[in-house]
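Next, two complexes with subunit A in common: one pairs it with subunit B, the other with subunit C.
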Partner chain A sequence: MSSTTTTPTRTHYRAVILKMLDALSMPLVAILFAFALGAVIITITSGSLSAALVAYVGLIEGAFIKTRGMSESLVAAIPYVFASLAVAFGFKAGLFNVGVEGQFYIGAVTAAAVGAAFSDLPAIIHLPLVIAAAALGGAVWGAIPGFLKAKTGAHEVINTIMMNYVAYRLVEYLVSNVLRDRVSSAVQTIRVAPSAELWSMASVPDRLADPLNALFVALLIALAAFFFARTLAKTARISASLNTPRSARLFTVGIALASGVLSFLLLPPLTRALWIWTDKFDRLHIGLFLALAAAVFMYWLLNKTTIGFELRTVGANPSAAQYAGINIGRSIVLAMSVSGALAGIAGATEVLGVSTCRCLPLFFSAGYGFDSIAIALLARGDALGILPASFLFGALRNGADLMELRSGVSKHVISLIQALVLLFVAAPAIVRYLTRQKVKPAEVAEAPLTRGWGR
Partner chain B sequence: MSKRIWLIVALLVVVALVIGACAPAPAPAAAKKKVGLVTDVGGVNDKSFNQSAWDGTQKAAKEFGWDAKFIESKQPTDYEKNIDQFATEKYDAIVTVGFLMGDATAAKAKQYPGIKFGIVDYGYFPAKAGDPDPYVELKNVTSLLFQEDEVGFLAGVVAGGLSKSGTVCSVSGMEIPPVVRFVVGYQNGAKYIKPAVKTLNTYIPSFTDPAKGKEVGQSMLSQGCDVVFGVGGNTGNGGLLAFKEKGLPAIGVDVDQYNTYPEVKDALATSAQKNVDTAVYLFLKTVSDGSVKAGILTANLKNGGIGLAPYHDWDAKVPADVKAKVKEATDALISGKLTTGYKP
Partner chain C sequence: MTFALEANGITKKFPGVLANDNVQFDLQRGEIHGLLGENGAGKTTLMNILYGLYQPDAGEIFLNAQSTQITSPHDAIAQGIGMVHQHFMLVPPLTVTENIILGQESLYSSTKFLGRLAVLDRKSAAARIRELSHQYGLDIDPDATVKDLPVGAQQRVEIVKALYRDADILILDEPTAVLTPQEADDLFGIMKSMAQQGHSLIFITHKLREMFAVTDRVSVMRNGKMVGTVAPKEATSEMLAEMMVGRKVILQIDKSAAHPGGTILQVENLRVEDDRRTAMVDEVSFHVRAGEILGIAGVQGNGQRELVEALTGLRAPVAGKVSVLEHDVTHKPPRAVIEYGVAHVPEDRHKHGLVLTFPVADNLVLCTYYQSPFARGIEIDAAQVEREAEKLVNEFDIRTPSTRTLVGSLSGGNQQKVIVARELDRPVKLLIVNQPTRGLDVGSIEFIHRRIVEARERGTAVLLVSAELDEILSLADRIAVMYKGRILETLDAKAATREQLGLLMAGVVGGKHV
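Moving on, here comes the complex of A and B:
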């Protein structure tokens, strides 16, 4: 390769990396400041600096190092990813969906119902069905305030909050009456069929021993490979060598087929032989992959499709969008539906992957829906930024227990640290002042994430 | 433009690392035994079972020189994780509270056979007749159960003593063994003090339906009942409320409802209390002296695991002869001269 072609690429990559670092610097500084201030507060309230040290050591050990610590952080991060994607998706269309908690509940109860309704379906049908049902349940719950906003202008913040309460009570009714497991002394729904469970990581080799399950996974991998290859075929270097549309199609389908067949044949023996998750008490489940896929899907939907462009336009400037001929009402309903669907899947992952009884118990007080607003803000509504932000919140939520055990510092301090992170993220001026950073006039007038009253 | 910001990030990271490195290593494993309490979603300040369990844990820890810590569960999916937290920290005994944690406790007890588990108010029974005893497998779990019929009996003595109409009643939740024990004891207690007393009872298949409880309470009022015993969480509370509104005496259940349900405190003559703190203490005592056994540890009048709550505002209104009868029945039940008439 000649040096004339590599030089621009290299500077291009450098620019991209610098841009990423720049985007990361503000949240990182916010996090560090929050922890520093948190340490000061712990020191003041407990009267000794060593308490803060023991607390933070406990926090880190609990979140990452101790047995199953890392797994538990990821377990907590999975619903966070879905729920905060839901909030962020709303942000992009200029909507503030505060109803994620309610949509989460509806998704959870739908998953519990559909999961228990069929007992002899194979996972290849049942699992997608349950996830789709949960997404649909959440979507309907999100679409109602969207529809009200589109038709009557009723503000979505008010309506989503009200819908939350309707959801809580509705789920309470369903769990304690219609769906109730009459055998158990606890008030909970009937256990979902094994085919509807989100496989725990440790059970993957056993699950793959069933050829139908192996086929299921192979199909998913082929699908992912298909999209990956299609993107790859569009990159400059490769599309140059694929000079006809037919060869490009062959390339894409070929890669998809090959990876599908290969994974069908190789995955079962390979996972049997080398699988790092052998601890059967580890609660990490395959919802992790689902969460990663959801983030990529949302990134693609928002940035690479016409629908995404329309939604972002509506979010940025509804008047301009209307002038450009975009149907605003439709966009609002669509955005709220997708947002609700993501929140619904968050609820499903908890029921199908984490809940001890693989069912929905009464008092399923999660709080994921509200924390996720903070996560979406921390990630500035960016689909891929939500992954690390969710992991951070999951780790804090998980590490808090060991922190409290070791140091006696109340785990509510974690909420405080989260609030401080948000404060610093939401008010970049404070961070800029603290770091004596010069402010460019253009950056002061940052676009708001959501719009206020009216259009 | 971002040079300075990165300098600060780097500085903070260095400071954090230095602080981390200087942090005292976790205390070396002391010979001190450790006991952990995992609360259900109610939390440790719920004025009910969780709080009482924590009191008992602290009392035992103080007496035996142990370390005691608790973890509050935010949601049902946290139960296993929180038990695991204590287990991986090498705790010697773990107490879990309430029937919501039955499954999680059983799963973790199997995983950690070396740790002693005590679960409050939850028994593991064969799913159907002929199944093996679950405690054969759960070798390290002790269920702390309560002999509800005994304290129900005492509540019945009070109710019978206070009744002027000669009819006492109970508004009950689901017809499950602990509720039935309360009710049977209550009815026989009332007959103990007033053999001709008429007893009414309705089981409502819910613990969370105060509206229905109140409705049933009102229908009992119309049938001439003038003392009520509410046995069934919020459903029973509805019954208490119906009587409070008529200015008639009511008897609470499980905890001293004078504290936990102040809306009806004027009407509360007493409460048929499960002393969770005593039960937890008794369990930890067996752990301490090595006599701990898998299976059921029954809290009864004899070991103080159950008892009537104070009369509070009704202290002056409960006649001395009724109090004397309560005392007499208590002694007779403890010595075994008297039975509550409950047959499983």
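Moving on, here comes the complex of A and C:
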């Protein structure tokens, strides 16, 4: 993981690509082994090799090929992205946030409450407000164990697990009493206002017909363009032609303004004319873009900022962090808060974009929080690696039903495969042994052959 | 003449490194054979091969003229090769006897009441330890608990452990690093008595003086190759250093007379406790002036670590006052201390000094990453960090493939250079260096010593804490000796002698033990 980049050259890009391939090889091998071993287990339990084949064909068909299969895989991947970013963020600061599930619930209930509390706000205000509230809820839930660790040294694993149970029961109480929709026969919260919903892809053209919504989207696009242009301005080739800081500023602001204005003017008519998501039952929602943005944001925060530098130093070597004058307690609380906030947003996406009632039902079975630990490990805590890893887990979750239907193999086999992936990722030594990958000399030197005490 | 051990053409490759290249080594019966070499020269690899931790890619090992293979440490012990590691392999809460028989417990079964339940036979083991201890003059009480023993005694327990397992050949890996000069002399006596009784010893050290004190022959390694073997009688320090480094080495640092200026660091009646709330620094007062080096001599573990931690804000003192340039920094956090102009080269470079999993560049800005020009707002300017790293890598001759290389993969000497470069690059008023050259090769030591003296000549106040008397004697202008948390005496470096300091380090003042 690098926090700074050298001046890009051809060899540099080559090195980066090689490094990426190297980073990818381990997870890919782990996935491969997991599926192979999964097939063996299916064969043994069902008594025929063909069952495994049928099961995997069903899995692939369910995850990608059948109507809305791909969309549903993405729908499942969205909360996974947020939740596993939350876990990975903790990892980077040396913290194991097992409380993502609880923070997810808190985020969900906050989103449901704030989403239903206002009925006449425009989306441009309401949607950011709901998401910020969910993030805040999750952040508070994460900050409590963080604070306890910073102040007393109480281990975050134990406290986050306990906070999970508090969260479950608290949400149960809120849903069935305070926030309960008295009209509906099901125990669930009041439906959130349409302005708080995460738009389904199919509804985007209709939503954009409202100029305020179009303005909202244009602002977000301008913001994204601004950051993109700023990064671009730092690359060697472009920064050479922008020889003064002023021209660099003009370049970035210009690009941001241009893309904002263009999307405000062009997006509504364009989406009305050509839009690939016409299927009304397609549940894919714009949380997808939010998830992508969150991954990029986390990458930036961790690798390009002083905050990230501090958190990573605390995670990699707390003694050195203390030596360098970094406030460890503050870093821990901050890391847990950001982690909790991401988990909270994961909960919000489920309520605002996926649940059919656009509310939080009492029986809101998620499990995203725990799967996300596996995803974060699979991605080795890398913010951008989490995107493909989440998609894989989303696809597995989504393809499981058709797999069961086709082959009669229980869909719990998916959990088994996930567990195997995790096992192979968590035990690199096994994979190395199986594939005879060469151990790097640095690792040989570091491997504690013998440990002692004294001095 | 029979060789107790002979290694022929030992070659060991690690990916990208030829750690041992056709190495020839022999050990005569009853000989003390010194092994000298810089870090990374291949000494440790060779010893690990002899101790069965690695298998050589090529070459042959003969024990008593018989070709053999050593497959594991267990096998090495079975074949009569013992090793005393630099870090002791003892279990602190157990007794000496228990530590020694660990893994080789002999049992007897009492059939009267308990049937086949076996009972640990401590008594005969203790008797044997007593006997060995007497035979070699080791002075070990088998019933003492290891954690209560001083470091020197723990080391002797390690030696008994090897002897108890009938080690014929004993490998001692930097055994004097943790000892006072007097304790080291005692150890040399023990080594000589073992050699006389027919044991063969391999003695690894980087202190040239010790080679002359105790060895019969010295072998020097460099870059994985055996450079040569000489008898100390026919060699000089300069010659051995040159064999080790491959070029002429200046062992004595040239420095001009000190021109001390105003007081930079003032410490008054400082008391510091360790994590177990034992007082480690007890009523210590001293000062360091601009342009002078105050050396703090003493055996490790006499409160130096806690003293330095208290001065740099890493540990809160219980009483007393620390001021830097008239600012009271007694209870200030580390960052505030750093910002007053204090630089700190910590004792443990892996624990405090570096983040091993970070690249060189990031480690070079570890204390300044948040300041201009490296940070603008909360964003880190990668280009500036890179520029700084390039500059320091050149200026301090840090040997690294690139500034993006992880610091953990550099050699110890280059790691230490990274720390020294980082700490000296700031406008520093006070430089605190704790064991700056521990475990480094001669070339790096020379380089770091020169930098410390240069800092002094620029008018920086330097506090040098070191357990190496040679280092203190060659660098310091004044020498304070620390013993059990107190400063026993502060001497002028020109007037101080090795013997005088050695006695003070052992707690002897005016002929009496304090």
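The rule is simple: the second predicted complex is superposed on the first by the 430 of 455 C-alpha atoms of A that agree within 3 Å, B and C clash if a C-alpha of one lies under 4 Å from a C-alpha of the other, contacts with A are read in each partner's own complex, and residues count from 1 in each chain.
Just so it is clear, a contact is a pair of C-beta atoms (placed from the backbone, for glycine too) under 8 Å apart; a residue touches a chain by one contact, two chains touch by 3 or more.
None of the values given here were measured: they were computed from a predicted structure.
Looking at the shared chain after the overlay, A:E72 reaches subunit B, while subunit C stays out of its contact range. Of the two partner chains, subunit C is the only one touched by A:Q322; subunit B is not. Of the two partner chains placed by the overlay, only subunit B lies in contact with A:F281; subunit C stays clear of it. Residue contacts after overlaying the shared chain place A:D22 against subunit B, while subunit C stays out of touching range. Residue contacts after overlaying the shared chain place A:A36 against subunit B, while subunit C stays out of touching range. By the document's definition of touching, neither partner reaches A:T235: not subunit B, not subunit C.
With both complexes placed on chain A, subunit A has more residues touched by B than by the other of subunit B and subunit C. The interface of subunit A with subunit B overlaps its interface with subunit C at residues 438, 440. Interface of subunit A with subunit C (complex): residues 2-7, 234, 304-307, 309, 312-313, 316-317, 319-327, 438-442, 444-446, 449-455.
Interface of subunit C with subunit A (complex): residues 14-17, 48, 53, 85-90, 92, 151, 154, 178, 300-301, 312-314, 333-338, 344, 346, 351-359, 361-362, 366-367, 369-370, 375, 378-380, 382-383, 385-386, 402-404, 406, 408-409.
Partner subunit B is touched in their complex by these residues of subunit A: 21-22, 25-26, 28-29, 32-33, 35-36, 50, 53-54, 56-57, 60, 62, 66-68, 72, 75, 176, 183, 185-187, 281, 283, 350, 354-357, 361, 363-367, 398, 401-402, 404-406, 411, 435-438, 440. Residues of subunit B touching subunit A in their complex: 1-2, 4-6, 8-9, 12-13, 16, 19-20, 22-24, 26, 36, 41, 69, 71-72, 74-77, 79-82, 84-86, 88-89, 99-100, 102-104, 107, 111, 122, 127, 176, 206-208.
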